[in-house]
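In the two assemblies presented below, chain A is common to both, partnered first by chain B and then by chain C.
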Partner chain A sequence: MDRTQIAPPIKAPLASLPAQTPPSRLARGRVDGGPLLARLRRPWSDRLANLALGTTSLLTCLTVGAMVALVAVRAWPTLTHNGLAWLGSGGEVDRQIEGMVATSNHPSASAYHVRAWPLLYGTLLSTGLALAVAVPFSLLSSIFIVEFAPKLVRKVISLLVRLLASVPSVIYGLVGIMVLVPFVGNHLVTIPEKRSLIGTVELTGASVGVAALILAVMITPIMVALISDALAAVPNAWREGALALGVHKLRATLAVSLRAIRPAIVAATALACARALGEAVMISMVSGSTSFAPNISHGPLTFLAEPVRTFASSIVDNHEGFGGAPALDSTLYSFALLLLFSAIVLSIGAYLIKLPLRRYQAVR
Partner chain B sequence: MQPTRRVAALLAATFTLSITLPAVALASSTLSISGATASFPLVSLLTQRYAKLNKKVKFKLSQGGTQVGINEVAAGRVSVADVSRDPLPADPAGLVFYPIAKYYLCVVTNKSNPLANLTQAQVEAIFTGKVTEWRGVPGASANGPIDVISRNAAAGTLSNFQTLLIGGKKVSGPKGAPIAEKPSEGLQRQAIEKDPNAIGFLSGYFASQGVNDVGFGGVGCTLANADSGQYAGVARFYEVTKGKAKGAAASFINWIDSSRSAKQIISTQWIALK
Partner chain C sequence: MEVTAQPLVARGRGSSIWGWRLRDQLILLAAWGAGIALCLIAGAIVIYMGVRGFQFLRPDLLVTHPQAGVDQNGAGGFLDPLVGTAVLTLIGIAIALPLGVCAAAWIVEYGQGGRARQTLARLVESSIEIVAGTPDIVIAIFGLAVFQLGLLGPLSSRSESGVVTGHSFIAAGATMSLIALPPLFAATREGLQAVPVQVREAAFALGKTRIATIRRVLIPSVRSSIATGTTLGISRIVGDTAIVIVVLAEGAPRNEPVGSMPILDSLRGTGSALTSFVYGNSPAGEGNSPTKAYAAAFVLLLFILVLNGIVGLIARAHVRSSGFDAGAGQL
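Here is the complex of A and B:
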């Protein structure tokens, strides 16, 4: 799609400018005064708007920059004392963090000792499981909403989806802790299962499975909203072209529409992934908040019933000690830095993946 | 142009008001308190009564745990901290602890497992992971493995439970395996309420509903037994200030210490200091 074809003729906006700035003056400014002079000659209200809007966008950039800088500076002691082994395994990270609460105001190098592998594993595991459920589910339901549902159904469902997307995460956490966790603990986890893990970990129902399931419920509406918007924007002519060749509707959707919106699918997945990585309160409530690394060799169902702790929920769970011990502060900041870093990697990664897909793109 | 200007003026006015109004409100004295979730119900009752008697004082009350209170008062972010454990050597220097009441800690189980009594040795064995099955506990009607539901390290009730009821040992799972640690008393009780195999510890106020409280060493975990001194698990709530309490904080703490209405509130669920 060529942008110039859709754009209105160049003259139209100039003609609608107020009388005191004839088009010729604007044009002349650019030629003999250079761009700076031209900007000065623009009407005062335009310059004001430019300045005001520019300041707000600049503020956004400054906030992001300042935040990354602050977190990085505060995380630095932990990173330098642990090196890359910071992300390795060794000992119990819960005990290591708890021990920091009681360290002094001038901690020795050993106070910073932390091995965060179980947290990294927990974060990746809960996010990965949630995405594995949410991506196919949201793809299929967006296809239904846009291509197959009757108009009324479509309107009702998309309204509900948008509502679901705006529910605060703590509400999902409450439902999880009141309903799902006791259900899993009392009905799905069996006594032999519990017994087999005595001395390893306690199975109470608060688990990586429940956390991933609720995460999936939380991120699906966002993905459905984004993907169905993109699907709806695929030009009708493309669909009709496929249908005219005699393929049935599902085939046309999969071959044409879905292919055309691949960048949107990547973007939606990246956004959902970022939300899942950063979710703290809900996970802290339903995951058991134990830095245990679930082990698939215990059997797939037991594996899902094992507790877990993520970086974000670890920050929430330990905020009680915050501001008291520099070693603890720095460690929590290092978790925050990793989360910030992964958010940045995600958005850049999604952008890079989208690039080669753009030639199929229907909508920008 | 006109409507946009009006909107802009309105926005500017709202902005100015939102900045100046709170500043005006601050003119009467506000006492900010944060800290222990265990003493929160008591402190909230006390502040309500005090605010009625003394219209000039307003309270800003928040929870978070003993350690939050300690850190915030030491950093000067709040004027008073609620604390549910005795002072520790690691506490920041310069804090003054004012005891305001005594409370008791109960060992609790799920309602469906109405265990009547445990000896100190039994409690110690369960909470340090030496006994892992309910069938190893005489009098228990639950079966299967024991789920120990504990609090996070910053909790004052955990530190008191360890000193008072399990002889200074650390709460842990079998062979040091991780156990469930909840960030507040409410969540700890909720987990025990929902899990028939659970055991944990709660302050008397939280243990009084929804769960079964277990006697300790032959003495029932009740307010009367705690009051008479027979029950072992009795600890103190403190109000903590940075340096000696001054101004509104001092008069509030004095009022708790000396007034009859404060003592009345305390003795409903807690134990007044004599």
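Here is the complex of A and C:
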């Protein structure tokens, strides 16, 4: 059904009728109708409309292009001065960034010196931990919602999932910093643990563990929404086929439905990952904002209680320095460029992974 | 006779949970547990914020200006942030609404004809998808970079030394329109796609042009989808923190105009919104008065709940009033 073939073949007399009447007659009847407004009220030609709407749509493409270009241009000095060592380790990244505030308006090459490894490690660690919690959790709850929940419970849960998805990150951050951080700092972290790290880092409770836990709560609704949609779209006949072969409902779900939507699961994980990588405000509130690299050799529990800093949260933490020193600006824009780049790669990846699903008509 | 008493379908190993393998029983248990845990987490957050809100929210907080002060109880309320949130929402939606609706209408109604148009339509769709996936902190500093350009200097405030800072309500609102655009676009597009092709054919048969069909027939019939998208966009804007902190400057709790012109200079000035007020008054920020942070966060959560409710109401009303569901319930 190509809609272009349905387009009106003749210049319709009805539609063009007002155009033939003099514009003054159209405008006279209206109190506010200036000549421009009257012209707008007259029927547009299709060619003009196509051009106008098409240009508006093109504006969005241009904005995205401008975003990539502008962020890249602003990040360029840092990237050229540091090269690939930018992502390496060496020195304390917090000090390096703080030092940039004092640099001049025409910074020398040494002013751009930054080694962002702790931030990269922190970003990957918090995202990885959050995904490790959120992926199985959202798989299980999607199965529950689609296959096992009674109708009323299903309605309530989908309402709550939508609610969880729309709670602002600052509220998650507030609950984290007021409830979870003190709880971890006062009850879960023991005094010997605090003492063992004296001189290295202070264990207040603001930690990678709390950040990852809240991050998991934040990305679970996105994943549940995507996975349960895909699960519900699996053709019923496939499920019934499995049931007819004598397996029970859960086996049928695991063996048939879940297998059929594997691409959707990966895509949902990629999108959730992009969200977790870019979360700034909540992490800046609950993670201690110290670019400490949590060390697993301190013991697993202490490891989770150590503070961390991510790319996104360090942009928020340093936002007051924007516009002051070019070196600092450029460094923060280079962090943003990395986030932007990974977000684009993840969303394109999610799209490509989901392509095979289009072959089954029912599974979108 | 004994045989017919047996049910027709033999009760096999799979019919009762108790006959399942232990591993499957555990998985089922975990699935129930996960579902219930999800409810509990959502319930706990709402109830906790509700309790704190009723504990700390006093009506006078809503109508007094914030003041810098040590005393938590005496240092003003959050009238300015409330106004700030409203202004940001207005500016953001005023830009995103026409953009989103026009782009969706063009893609669905014009984007099919010809190879060039199809390519362009795909390009537009994927760029909006990229915007949807971009972290808001990146969008925030992109907005800052745009409004720091010399050309757009008059739209934002300046520092003491006369450098364009890029901080203003106009800058923040325009940046906000980017995060409101994807849900608006998606809802409108799905609504248009759900309108049966016969509706268009009928309009064409009456001699309407394509654009007349869009204006007189299609847009009115997807009004509820547009409303849903707008509501989702508003709830994105109301809940966004990073853009407010970076582009509107969290440092100033009061909305400060740059000059004496009544409205324009306020829009060019800096200020705060509810989210940045919560951030600034939490222990993470400078104000450090948690009771006010709780009160403002409660108001913020109320807004979000109400907006969520509106989305649900629109969807339900629409399904009842028209035969086809126009994609109104997406996240």
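Odds and ends about this structure:
What we mean here is this: the second predicted complex is superposed on the first by the 297 of 364 C-alpha atoms of A that agree within 3 Å, B and C clash if a C-alpha of one lies under 4 Å from a C-alpha of the other, contacts with A are read in each partner's own complex, and residues count from 1 in each chain.
Here is the rule we use: a contact is a pair of C-beta atoms (placed from the backbone, for glycine too) under 8 Å apart; a residue touches a chain by one contact, two chains touch by 3 or more.
Computed from a predicted structure; not experimentally measured.
Ranked by how many residues of chain A each touches, chain B and chain C are led by C. In the superposition on chain A, A:G185 makes contact with chain B only, while chain C stays out of contact range.
Of the two partner chains, neither chain B nor chain C is touched by A:T331.
Contact with both chain B and chain C is seen for A:S284 once the two complexes are overlaid on the shared chain. Of the two partner chains, both chain B and chain C are touched by A:I177. In the superposed pair of complexes, A:E92 makes contact with chain B only, with no contact to chain C. Of the two partner chains placed by superposition, only chain C is touched by A:L163; chain B is not.
In the superposition on chain A, A:F322 makes contact with both chain B and chain C. In the superposition on chain A, contact is made by A:W44 with chain C only, not with chain B.
Comparing the two complexes, residues 177-178, 284-285, 289, 316, 319-320, 322-323 of chain A contact chain B in one case and chain C in the other.
If you check the complex, the residues on chain B that touch chain A are 64-65, 67-68, 70-72, 74-75, 77, 88, 90, 92, 129, 132-133, 143-145, 147-149, 152-154, 173-183, 187, 190-191, 194-198.
For chain A in complex with chain B, the touching residues are 92, 94, 98, 101-102, 104-105, 177-178, 181-182, 185-186, 191, 194-195, 198-202, 204-206, 284-285, 288-292, 307, 316-324. Against chain A, the residues of chain C that register as touching in their complex are 12-15, 20, 24, 27-28, 30-35, 37-39, 41-43, 45-46, 48-49, 98-99, 102-103, 105-107, 109-110, 112-114, 117, 120-121, 123-124, 126-139, 141-142, 144-146, 148, 159, 163, 165-166, 178, 181, 197, 200-201, 204, 206-212, 214, 235, 238-242, 245-246, 250-251, 275, 278-279, 282-284, 290, 293-294, 297, 300-301, 304-305, 307-308, 311-312, 331. Chain A makes touch with chain C in their complex at residues 1-4, 6-8, 10, 12-15, 43-46, 48-50, 52-54, 56-61, 63-67, 70-71, 74, 137-138, 140-141, 143-145, 147-149, 153, 156-157, 159-175, 177-179, 217, 220-222, 224-225, 246-251, 254, 271, 274-275, 277-281, 284-285, 289, 312, 315-316, 319-320, 322-323, 332-333, 336, 339-340, 343-344, 346-347, 351.
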